[in-house]
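In this document, chain identifiers A, B and C correspond to the written order of the chains, with residue numbering beginning at 1 in each.
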Amino acid sequence: MPNFLDMGAYGSFIWTAYGIAALVMAGLFVASWWRLRARETALADLLETFEESTPVGPVGVLANDSCDDLDDRNGPPS
Amino acid sequence: MHRFANPKRFLRIAAVVLPWSTALTVALLGLGLYFALLASPADYQQGESVRIMYVHVPAAWMALFVYSCLAAASAVALIWKHPVADLVAKASAPIGACFTFIALATGSIWGKPMWGVWWVWDARLTSVLILFFFYMGHIALTSAFEDASRGERAAAILALVGFINIPVIKWSVDWWNTLHQPASMIRMDGPAIHTSMLAPLLIMAAAFTAYYVTVLILRLRGEILTRKIGALRMTRIQDRQEERTPHMKEV
Amino acid sequence: MTGFWLIVRRDVVMAWRQGGDGFMAIMFFLITVTLFPLSVGPESTILARIGAAVVWVAALLATLLSLERMFQSDFEDGSLDLMAITPLSLEAVVLAKCLANWLLTGAPLLLAAPVLAMMLHMDREGLAIFVTAMALGTPSLVFTGAIGAALTVGARRGGVLLTLLVLPLYIPVLIFGVGAVEAAVMGQPAQPHLLVLGGLLLGTLPLGLWASTAALRQALE
């Protein structure tokens, strides 16, 4: 076990290298995951306020299930 | 390719792929680390420090691979105005930047015991550093405009301009007399590495690729949701304006 | 063809009237280069060693200063829209603006360089190669810089972003430009470096024009 950690006196180099790689990759994964979660809650909240304020709803967005509006970068067809 | 232009269909496919790619990433990483740290021999000249190679080289490969994907997606976005393609480019940039950083950092750490220096301004290291700058520039450009799609299109042009750097990196060790090791993998007469070292290298490379796919899907979903939220907010603002002034129609 | 020269003349005259891009660029250039002997010490061996590098870096930075104004003011007041709909192709407009920019910054640098080379104790052969290298390199800097200027037109904090984008692209010209002069100073053949500089110019011309035009079209949409 000590030999594993020491790696023939190169231990600090090897473990620092692997450690940096692990940290960066894990960090990116976690950040991306959190970002997605935050967006999902924001979207859910936004959809709630829509249902509250306008029961009829803007026809373009909620009733449209084919996501055509997402192809139009300037927003839903007015 | 045009089948994926519909974000919702793309999201459905992505939802199916995501658990598989995550599982594959974890499995391959486990297997790769086992081979890299335990089941492979030390090098005759470098001793155990050669194990850094199993992180450094796959990370460097990924840095180049992700940039190529980014450039290809940018080309598709510019030529066909494909809505998902420029999101792929935008989502890939941070991943590529991370891999480039890992390659530079682990390379520097490996260089100290091997060459005696942390850094040297030879062609390979300098061009990879430039690649890192291109990634940062791409990320900065996408968020530099009020109109997000303007930033994405500008970044697409930048991505194509920067693609020149990729062949330079690949052949820098052949064209110039560099301190960095010359090509020993993709050569005309096959790889020059023994199987016992080649196996962990390839497994780690496969693991990193699965990682890229996984994180890419996560970030893509985030981007698509960002667009949807933006569109919904615009609708809400328009609705409120119409409520206040019902007789005024949008031109 | 007259439209082309009209744009060139317009840009040059406007910059001249506004206190001169070229004048400011030369002054920046001279002052920056002067900082080095002051900080490194007047020993002529050191200066001869780093002289080429110092002058090139200063030229680079001076070019960067002028790039921001290349498209921004025309974009803001609508002149760029007008230029886009003239019979002159947008590529020709960009080329005209690049030529104007070079006349304002690159050409004066070429004239100032011999003076600086003397201040830095460069010898005669080095000077000739140096001027050739700058003549080949400064247009490349303008064409590459135009890419950054076009990409960042209308962006927030465009100036800093422009620098971030353009400096990596400048590195090849810098490396071979300095390499050419150092080779000459050390009595080695500078021709390979000059040939690469020429090649870079031939490469950055179409690339710069294509990318800048595409970026401007995006901005004008």
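We adopt the following convention: a residue touches a chain if its C-beta (ideal position, glycine included) is under 8 Å from a C-beta of that chain, and two chains touch if they have at least 3 such contacts.
Since this is a predicted model, take the numbers as computed values, not measurements.
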Give the label of the chain whose average Cα location is farthest from that of chain C. A
Centre-most chain [mean C-alpha coordinates]: B
So the centre of each chain is just the mean of its C-alpha atoms; given that, what is the distance between chain B and chain C in Å? 32
Approximately how many whole Å separate the CA-defined centres of chain A and chain C? 41
I'd like the Å distance between the centres of chain A and chain B, where a centre is the mean of that chain's Cα atoms. 16
Seen from chain B, its contact residues with chain C in the complex are 78, 126, 130, 133-134, 136-137, 140-141, 144-146, 150-151, 153-154, 157-158, 160-162
Considering only the defined contacts, which chain B positions touch chain A in the complex? 5-8, 37-38, 42, 47-49, 51-52, 55-56, 59, 83, 94-95, 98, 101-102, 105-106, 109-110, 112-113, 149, 211, 214-215, 218-219, 221-222, 224-236, 238-239, 250
Residue set of chain A touching chain B in the complex reads 4, 7-11, 13-14, 16-18, 20-21, 24-25, 28-29, 32-33, 35-36, 39-40, 42-43, 46-47, 49-50, 53-54, 58, 60-61, 65-67, 69-71, 73, 75-76, 78
Any idea which chain C residues touch chain B in the complex? 147, 151-152, 154-158, 161, 164-165, 167-169, 171, 207, 211, 214-215, 218-219
